[in-house]
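Chain nomenclature is as follows: A, B, C and D, assigned in order of appearance, with residue numbering initiated at 1 for each chain independently.
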């Protein structure tokens, strides 16, 4: 399997504090990769570095063999890297359908067009409806997205991330704050819609992680202490000490 | 919404534009209609920035004014026979200049929205307005520059000497401009402008540069502001510094806001209302600006979505067919409220009046008599009390008229 | 040349400190509540007019004390019954509200006090030259203005750094969303800050009225400049506002004092133009001519190259 | 205030209920004259005082004596142009709509220019609807020079004429060896500066121009920095064309700096300015104007002012030329027995008219510029019978130039309508 995303000794400082301390990681094309770690380990920061929200202090990030560190988010997104957010991040006053359609525009090559009328783009609109169907929001299509229930907003969040048909999808705690049954549905949804794509996921719920992931990386205090298959991670001594010990003390 | 229904709105708009001067046919009315056409394009172009793009500008008059100045210069060139084309295309010249100015200024001002954008627009506005006074060769100083629209080739036999001819020309331009501005909202660039307004960060993660999306809206807005400026030049045949300074910028903000930012039709309503007030109110009272200020504050406080929002509020009841349930409650509140405002106006006018006899609504009041004052104050207090009391029944009526779980519609 | 420099510096100080009195209140309001208070200079104007009326009946000193209080109370009322209501409709609505308020206050002032210039004089007590330098007097009243402004700055600084409420306010300025979590009555704090901010503006009006002329346009002359200062200084930074106030005061003062123009520059590089040149207006431009618009130029440049302002920590 | 907006049928329906018309049923239709000046907004005080004067003059001189043209009353219709050229255009259309054919207008040369251009154009396009502009105050020379119009008459001296008088007066003062010129950065300020330098060079080549400064109009907070420059330049006197708040602030700053030099001005009186300058301005401020305020030469004029003050205690007779203009226009109507603008214009040309003060005004036919005695007056409380702003201070004439000495050449090349 080829490497789709490759981090090489990535570092990030905020002022004097080093948040990410030399992370190197290769993600294989088509795998489902989970990143776990205690609170404050730098998981979200790592996401922000990869997706272009923050600039790296040093190191390189390659996506499909192109260096993408310190590039603006939209350029990275155009290469085929989509992400979701831990805190719901949608277009609240647009309706659900518009949210999804906006997410589809660039990948369907509409760019900054002001000569296409969206109402007439049958194919595009069908695609958007299809995504809505997948995330189960078809009947809410014309609803202002800001007024959806929480779980529905999370589904929409997911929908925006996957709509563009990106090769690499990064999800940041997709089921955080959901009830058990909602989370189960969400996991099914994630599995369904990321079929055949590369997935990176940050998640706290270990059941979900071990259920979904092909490989797992453990991030502790800005360092990757292990990357391996789930069963090896479970057995890994360092992980046990650093990560599960942390959970134990914080509980 | 069916195609027919959509089309019928546009046809209605066109018909309204075309028949208006048949009903309002005095010279003054034509002049007010002309003002409205200019204001409508200008306010709609402003709404592209603020309403649709989330960019608060304090310097939108720059594009209007620059477009207008170049348009007048074009008129002068036509008069001197340096160039030869019909003056019906003058608004296009204004538009091109507005666009060019927007391309230049937008290249650095659209990087951020919010306060930064607002303050840059304020600074640019002041700079351009001040410079226009300093560079008096081009801008004509405080007297401005003037041209004559009757030169150049005739347009199907019209020389546009009369204002009514200019009105029909303006109406055509307004109609076309409105269509294009509406269509813009239906394009990827227009829709992404909404998305960037809502959440610029997320827009970047779905592949769009927020800055570039803003830039495109900004340029489109400059283009249409310039067209409005060009129409102004044709209508008045002159233009001065005041057409690109902060007062004009402020006025367009008021129009768009009072009309309702969230609705495409809002700025049109705002433009019509403000133009009417500006032209008519000033004849009844020297204090009209005071009333305008009060009315404006009340609108901001009680109709945050503007007049368009107020009308749209009744959509549910209208769909439900319960609108007439509201008629009586509205009257019960409306009559004392009207009485209250009339009495307040009377008091304000009386205290400003220096005359012996004071004419008000067909009555002759004596502002020096305590009696008059006591009566007025009693009316104010009583009507205020009545209005307050009636609000509850209005609220109840409103509740019952809108009872059915409202079917949330997308914003237009 | 020396005397021009000294007096330009003094004049710049007077203007700068006066601007700071307005800018300090505006920064507080702006940073905490996110409200670009367009009507801030209108409260300054109200201060001058109230003080004028009070000085007619009681005297200047009573005006100095009571006028800012009245203005502060008015400001608090505006916050309580106007702004707070508009707050839920968002920042643009708030801003448009203050925009309309500025307009309305100007109209009300014309309605109540009339449109002509008011004969608002400073007290006889301060009607003497503080010192005379190179044949030019520096009036005691201007000295008094400097003293009051510096006094206010010191008070404000002490309150903000030493007192409990000051610390809450500081926290609110830099982290506007988190203060509610501290368990404080945020609406009350907002009302208080708005009241104090407008009272400061009122005080500035009281002391500026006699020298800068009390007339209905006095707010418009200052209005947007104060904005410019707050933004140049940087959101959430009182120190930034202080520096920007002095910077703009001095910048304008020096620019007026200078005699430099485009022509000098062109001579320097050996270019000259005919008077009839189409761009004659540009070649004959002088620095004093453009002095009052320099702040706007500065504003645009600062925002383009440093959107957070000089000392700003926050990005909006 | 009758306004026609809607077509006539709706008009009647709507307006009969809404507006109380000032027209108590008159046997004959009144002669309606428009007064177009700022009546609201920043510049409203000057417009309102002009309106009061015009209304009073019409009542006092004509309406109370049975009207004109055999019993027709004069009705003054106020039109608020907010001193904005754009608004002027709108109000002009309102005037046409309302069939007002004579428009009094004075404030701001920019507005006067706009109005003049608009009227010429309108009259050319609508020969049956001609309109006459009575300019009582706008002083830009171009209005009776390069841009002169058959439909425009000016009853005030233009700025070059005024400066001629002012520099004559300055030239007589041997103590003045240096002059500082400061003004608002717009056309009037520039004309004042250029003409002053030219005339002083001619009349007193020994006077050194030590400063020539422009500041943006209405944007200066504090004039002290400018005064610092005046002090360090060592100027013996100052000329300024400033008006309104810019005038007051400048004068106050000069006084505050302890600078005891004369200030020569155009607009430093009335509308609160005299009261604000008060004792500080005494014998320092001088201005050039027509028709002296003190001493008043004739009882007729004294009576007029007293009657005006009685009716309008808070206003002054600030612009006597309004009265002169009205009298001359009425005179022209009486001569021709017509209210047609063209007839009035022809009759006004080369009319000679003696004002209430006993001064003769000549309206030159070739450019429609009026000539009359001009005065330089000082701001003082001595010998002031008629004060300004009820302050005890007022203007006292120190120097007078008779009408024939103010006549200059004109560059006007008038296009006359063909009849």
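Operating definition for what follows: a residue touches a chain if its C-beta (ideal position, glycine included) is under 8 Å from a C-beta of that chain, and two chains touch if they have at least 3 such contacts.
A quick note: this is a predicted structure, and the numbers were derived from the prediction, not measured.
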Middle chain, criterion being Cα centroid separation: B
Chain whose mean Cα position lies farthest from chain C: A
Computed distance of Cα centres, chain B from chain A, in Å: 44
Chain C and chain D, separation of their C-alpha mean positions in angstrom: 36
Approximate Å spacing (C-alpha centroids) for the pair chain A, chain D: 74
Separation of mean Cα positions, chain C and chain A [Å, integer]: 48
Chain C: positions in contact with at least two other chains: 289, 292-293
Where chain A touches two or more other chains at once, by residue number: none
Chain D, residues touching no fewer than two other chains: 44, 48, 185, 216, 219
Chain pairs in mutual contact under the definition given at the outset: A-B, B-C, B-D, C-D
Sites on chain B touched by chain C in the complex: 50, 56, 108-109, 111-112, 114-116, 118-120, 122-124, 126-127, 130-131, 134-138, 246, 250, 253-254, 257, 261, 287, 289-290, 292-294, 296-297, 300-301, 304, 348, 352
Residues on chain D engaged by chain C in the complex (per definition of touch): 42, 44-45, 48, 185, 213-216, 218-222, 224-229, 231-232, 244-245, 248-249, 252-253, 256-259, 271-273, 275-276, 278, 389, 391
Chain D partner contacts - residues on chain C that touch it in the complex: 3-4, 7-8, 11-12, 14-15, 110, 114-119, 121, 129, 132, 134-137, 139, 141-142, 211-213, 215-218, 220-222, 225, 252-253, 256-257, 286, 288-289, 291-293
Contact footprint of chain D on chain B as seen in their complex: 22-32, 35, 130, 133-134, 136, 141-144, 146, 148, 150, 161-163, 236-238, 240, 242-243, 279-280, 282-284, 286-289, 354, 359-362
Parts of chain A lying in touch with chain B, wherever the complex brings them together: 51-53, 72-74, 77-78, 82-83, 85, 89-95, 98, 101-103, 105-107, 110-119, 142-144, 147, 160, 163-164
